[in-house]
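Got some structures for you, see below.
Next come two complexes, and both contain subunit A; in the first it sits with subunit B, in the second with subunit C.
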Partner chain A sequence: MPEIFIDGERYEFEGKPKLLQFILDNGKEVPFFCYHPEMSAPANCRQCYVKVGTPVQNRENGEYELDEDGKRVIRWFPKMQTSCSTEITDGMVVLTQETSEEVARAQKDTMELILINHPLDCPICDQAGECPLQIQTYKYGPEGSRFEVKKVHKPKRVELGPRVTLDAERCINCTRCVRFTEEISGTHQLTISSRGDKNYPITAPGMEFDDPYSVNTVDICPVGALTSTDFRFKARVWEMNQTPSIDITGGKGTNVDLWVRDNIVMRLTPRFNAEVNSHWMPDAARDAYKLFNENRVSRPTIKVDGDNQVKTSWNNALETFAETLEGVKPKDVLVIGSAHASVEENYSLMKVFSTWGVNDYYFVPDVKEEFGDDFLLTDDQAPNTNGVKALGFTAQSTDEIKAAIKSAKVVVLLDGTFIDREVISSKDIKKPYVINLATNQTETSIAADLVIPITCIAEHAASYVNVDGRIQRSFPAKETKYTHRKLDLEMSEGRLDRHGTNFDNWVNEDNKIDCTPVWEFMNDLSKRLGLNSEFGISREIMDEIASSVSAFDGVSYERMDNENGIQLTGISKEEVSA
Partner chain B sequence: MAFDWKSYTPVIIPDIPNLHEIDVYVQNGGYESLKKVLSNDWTPESVVNEVKAANIRGRGGAGFNAGLKWSFMPKPDGGPRYLACNGDESEPGTFKDRKIFEYNPHLFIEGALIAAYAMQVTTIYVYIRGEYRSWILMMEKALKDAYDRGFIGKNVLGSGFDIEFHVTGGAGAYICGEETSMLESLEGKRGYPRVKPPFPAQKGLWGRPTTINNIETLACVPLVIKNGADWFSGIGAEAHPGPVLYGISGHVNRPGVYELPTGIPVLTLINEVAGGMRNDKKLKGLIPGGSSTPILRGDSLEGVNMDADSLREAGSMMGTAGMIVMDEDTDMVEMLWRISHFYHHESCGQCTPCREGTGWLEKILIKIKNGDGEIRDLDLLIDLCSQMEGRTICALADAAAWPVRYTIDRFRDEFEARCKQSTYALA
Partner chain C sequence: MAKNYEFTPEDLQEIEIIKAKFPEVMPATLPTLWVAQRRFGHVEPEVQHLVAETLGLPVSHVHGVATFYTQYYKEKMGKYVLDICTTTSCQLCGGYDMLHYLENKLGIKAGETTKDGMFSIQSVECLGACGYAPMMQITNDVYVNNLTEEKLDAVIESLKEGKIPEFEPVGMPQHENRS
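Up next, the complex of A and B:
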């Protein structure tokens, strides 16, 4: 096995890794700005300097030459090398800033130069707190500056496109954003304009930065030069909690983080998953945070006097639900699941109604033709189409579901987007009694006779199966109105600290939604109807699914967490498009 | 060694009227060298070896043996291979290639074709400084004539050798004279130097093997083929032989481009060839090879010759042989500021030390120039030079730092006279 010595320690390697990536992979650190593991290494920030040498080999027999002490003779490269662009070779000796004064000095020098024209406006900069420049300046930078002349001034508050705002003075010209549009999204919309210390990234004159993946440049910007127009000045990084979750606006199951302050989801950022989305997420998915905060259904709603919806109590809602069911036979009840809801929600719905006597379960896939690309956008608009299918819900066309609704007396609808995406019109559900389990106020929920508010992905732990058959799960990121011990149990794992939760001194009651997980409501319903089915927390529901539904064989929350999602066997990409 | 420069007969820009016209060039023995190598007894390897033996040291500034550079090209694999001819000539004080474009373009074209044959390249690009508008047009005309005569194109002179030849103009960036950013510019991209390795011989234009040569270097090639490697290496200084175009500018009576052998004493060039100092002033300083080469004091030039070794001993470099002569009235602070201003303006902005450092150098020099500088600013300038030298992808940071370092080192008294006492020491 080829070997390399970094700061005197021996490491083995395979293939031809680049030195910086190898150092990072082995848990050591070298500061850098321009390098990004998914893109080419331009070696332009000159921050990742290390000292590199190779052992002297005898030309004839290829053996290493040794000095008097029996140690290998090292031939040092005359100049320090940028580790991001240096390829590892067998026997290489590397000194980082930890062991070499020269390297530490060089890194400090570069840092001093980077900072001379940087505005140092951290107190008003959105990047502060998660800024590689800020962090590395504290770690490796000079204590002060010897720069006593005027800084360069460049354009500020430039709207590059609908979603990205540029502050050119903060830019350190790492070209990550430019390379992103060249190498990842392929739109080539950004370039560097001007020369020397006047340069900054910009679009071609008259062009907008409307790349469907544009906000990723904000995420990879190592300073606060590119900021999200939507998020800028809304919250400081250290005031928010970061909770892992899944994107619900598409079928790809892009891994995201929810950033929450005072029970409001402030923004979504991509979370690395090599199997799904790498470091990226589409811009469209970034708007999903609004779904978690705005226009939520809070407290059950019931229709009185024709079309008039009024708030009602949970008891009354449950009673109305149960009485409605008791008034009809199971064959008159149409249960419609949803690809927008999780596996656990659909399962608990199906379980209770099966025990009660309903045999057929339907859902209508949410597909927009020609919407997908070869990257992270999919034709499938729902996060869990494969999951609902695997549970045994039958996909229906618009006409089929309309006919079914016509012959039903009661419709239990988990999907809150039916009217909104024109599967049916509000006229089609005039006749039957419609019970909608809804997260948000939609055209559908407004037309329903009874609305049960349910938790959204930001409030519960639940799993979703993406278009490729990969099951991944969410964590509760914000609290519901009333203390919910079962949800809190999962939350303690999801949130790093408890800012804004019931455990926090600064708890804020204003932004909590009065809703419940579907399985909790199904528990109550099943008790009320005298049925023998009881659900625990979603973790236990998944264990139950794994033992009863063959597609989910071997799936558990532990495995999903350890393996960053599980590829389900038996679900392939072909099935989805068919 | 007293060399009788007056008896030297120019060979790169010989005194023949209308030599830029192809008929005149052919009448005077033009394209004979090309015919010679394309005849059966010259293999590509033998051409490379002949040029290697002649020891043509690159005239673009680095002074690397051209034949040796050619031998770095990998073996042909059937794909495209390129020769990129560097006529960007943007180093201040350098204006020699312009003379070749103007007076003897076909000598360069012939040299490039021979080089193309030796390295078996498929396409030649000549990259000419964008400001040289008329010389770009002249080169296009010369190429068209050569195409018409069958010196370029398919099956050149019936030998079975195919070659294409294109002219490209620069867009006004100094950095595009750096070989890898010239390749980027030729590809139609922004002129950013590339990280090496891979070197252009492995991955050059569009990822294919490419060799980059200076115009003057290639113009020497037909002469080597015609007269033999021994003839060429016998001219001028032993380790740095051949005829060179000296571009002399500044405070002399007759500035201009002079073709003479290497190794001519610097003082002979200034006092005799260029007609002596203007207004009989004293020589204060000399930049021997373009603005980035370290300045030499006027009183240290006795016995210094214009070749790589002698200039290295004196503490400078041959560069492009673009000599900038300065008389006793020159303000060194002002001069250095002007050079720093140039490098600040021309830094491409890719690497941190150069992008930020060049601007900082200039701003401190402005401060000193305006009388606001302190002695410690001089130490800061030298310190900044160490922070820039050798820490960037290309050599522009070195080119920007050396003038500062050596001008302050060699004329420190003048700088100190402009500075106030430091209020506190340099941190």
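Up next, the complex of A and C:
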């Protein structure tokens, strides 16, 4: 097998990897800015310099020439090479900054040149804390600047498009954003304008940077030049907790991170998953954080005196729910699941009502024709259509569900978007008693007779099956009134959680929603009704599903975590229809 | 966007010939921008859109190329663009004097255009004619060497009459000695 020596250590390789990627893959480090594994390597930041040599080979017999000590004679490349664009060859010898003073010096000098016109306004820059330029300057850069004259001034606060703002002075012209629009999204909306020290990325005159994937350029920008217009100046990176999750605004199941400060989700960023979304996410999915913070249903509400909804206690809500069911027969109850809710939520609903005697379970897919593209947007607007189907919920058309609602006395609705997406109108549910398990205040929840507030994806650990039949799960990112970061073992702790207590003035209860996971409420309901079905935490529910529903055979949270989601067998690519 | 500008059929034919020279369309950007600048006297954003449309390339690419080269005029310029060199050799030999003389004569500053749209003055970096300093270039074309105030007067007069000064061959000193 071909071999390469990096800093004196021997590595074997296959194929024709590029040097920088190979070094990174082997857990070593070389600083770089313009290189991105998903895009071409133009080698224009010049930061990933390494010293490279190849062994001298006898042309006639192909043998390596040896020196007096019996070591291979190395012919060094006359100049240092950018490792991102250097292809590995057999016997190559590489020295990085770790073993070569010369390389360390070259990288330091390159960094000094990059920093000449960089404003160094880190204290007011959004990128500070997650800035490759900042991090690598600390590690490999010069200690101070020798540059004493005025820096070049360029446009600031340029609104490139509706979602991206440019600060041209901070730009180091790595061209990652330009290559993103050329190679990944294909809209070709950005270019580098002018040349020399005056250049910066910009759209063509009169054009907007309205690419449906535009904010990805903010994520890959190695400095604070491109910033998210929405997130600008909202929070510092080190104040937030980063929790892995799944996008719920589409069927693709894009892997995301939720960034939470004081139980408010501040932003969403893509999380790498080679099988699903690579490094990217659509702009539309980034607005989902508003769903987690705003217009939440907190505390159960109940309708009294006609159409007036008032807040009520959990005990009263549970009692009303149980009494309503006791007043009718199972065949009069219509249970409607939701593709917007997780596998565990739909399953717990189904299980309790099956034990009680309901046989049929329905849901209405949320599909917008012509919405999807070949990339990360899908016609399917819900994250779990395949999941509910696999559990045994039957997909219904709007007419079918309207007819079913007409003949029902009680409707238990997990889907909070029914009226909002015009499956039914509020008139259609005038007659039956409607119980809505809802995350957000919607037209649907307002029309319901009893509203049970439930946790959203940012508050529970639960799984979702995407359009390709891949099951992936979320982690709780924000607390509810009844959970606590330190006690809920699924949750990650942040800096403030470690240093603050509930008595510190920056911690407050206001941002915690008074809601509960569906399975916990279903647990209480089944106890109240005297049914023999109990649930533990969602992790245990998934184990139960795996052993009882064939489509989920072998699925567990451990496997999902280790394998970054599991491809379910037996679920073909979804055929969705409205 | 490219409403106010249009290539003539001859231009389009020339662009077709340019395109045929390259295996891909992208390298045709530079010569096509020249065709446009010759036709319209500049490559304003609208002209950049026209070029992009004609070649079927992203406008951003054409914009990037046009802004990279200072020889493409990104705004309307005078009929004659006078590029006065003010880099080292010319600077030492009176390049700034020539620039200021011209500025006073035409009543405009460097980077501006006269009201009648005849002249624009630019102070530019080295044009590689250091041996004949101070010098200037007229509209990306003819060099006028060894400038003096009298010479500038004469050049302006002839330009006003529509006559572009002829290329002046400058002999090398060693050749003069030999003859």
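Note that the second predicted complex is superposed on the first by the 552 of 578 C-alpha atoms of A that agree within 3 Å, B and C clash if a C-alpha of one lies under 4 Å from a C-alpha of the other, contacts with A are read in each partner's own complex, and residues count from 1 in each chain.
Just so we're on the same page, contacts are C-beta pairs under 8 Å (C-beta built on N, C-alpha and C of every residue); 3 or more make two chains touch, one makes a residue touch a chain.
Bear in mind that the values here come from a model prediction, so they are computed numbers and not experimental data.
Asker: Do subunit B and subunit C fit side by side on subunit A after the overlay, or clash?
Answerer: Aligned on subunit A, subunit C clashes with subunit B.
Asker: Is A:144 in contact with subunit B, with subunit C, with both, or with neither (first, second, both, neither)?
Answerer: Only subunit B is touched by A:144; subunit C is not.
Asker: Between subunit B (first) and subunit C (second), which does A:192 come into contact with in this model arrangement: first, second, both, or neither?
Answerer: Both partners, subunit B and subunit C.
Asker: Touching A:44 in the superposition: subunit B (first), subunit C (second), both, neither?
Answerer: first
Asker: Report for A:205: first if it touches subunit B alone, second if subunit C alone, otherwise both or neither.
Answerer: So A:205 only meets subunit C here.
Asker: Per the contact definition in the header, classify A:152: touching subunit B only (first), subunit C only (second), both, or neither.
Answerer: In the superposition, A:152 touches subunit B alone.
Asker: Between subunit B and subunit C, point out the one touching more subunit A residues.
Answerer: With both complexes superposed on chain A, more residues of subunit A are touched by B.
Asker: So, does A:116 touch the first partner subunit B, the second partner subunit C, both, or neither?
Answerer: Only subunit B; A:116 stays clear of subunit C.
Asker: Given the touch rule stated above, what does A:485 touch, subunit B (first), subunit C (second), both, or neither?
Answerer: After superposing on A, A:485 lies clear of both subunit B and subunit C.
Asker: Residue overlap on subunit A between the subunit B contact set and the subunit C contact set?
Answerer: On subunit A, the residues that contact subunit B in one structure and subunit C in the other are 191-192, 194-195.
Asker: Any idea which subunit A residues touch subunit C in the complex?
Answerer: 181, 188-195, 202-207
Asker: Enumerate the contact residues on subunit A facing subunit B in the complex.
Answerer: Against subunit B, the touching part of subunit A is residues 41-47, 49, 79-80, 82, 85, 106, 109-110, 112-114, 116-117, 144, 146-147, 149-150, 152, 172-173, 175, 191-192, 194-199.
Asker: Considering only the defined contacts, which subunit C positions touch subunit A in the complex?
Answerer: 1, 45, 48-49, 52, 58-64, 67-68
Asker: For a test of understanding, state which residues of subunit B touch subunit A in their complex under the given definition.
Answerer: Touch list, subunit B to subunit A: 173, 175, 190, 192, 195, 344-353, 355-360, 363-364, 366-367, 380, 387, 390-393, 426-427.
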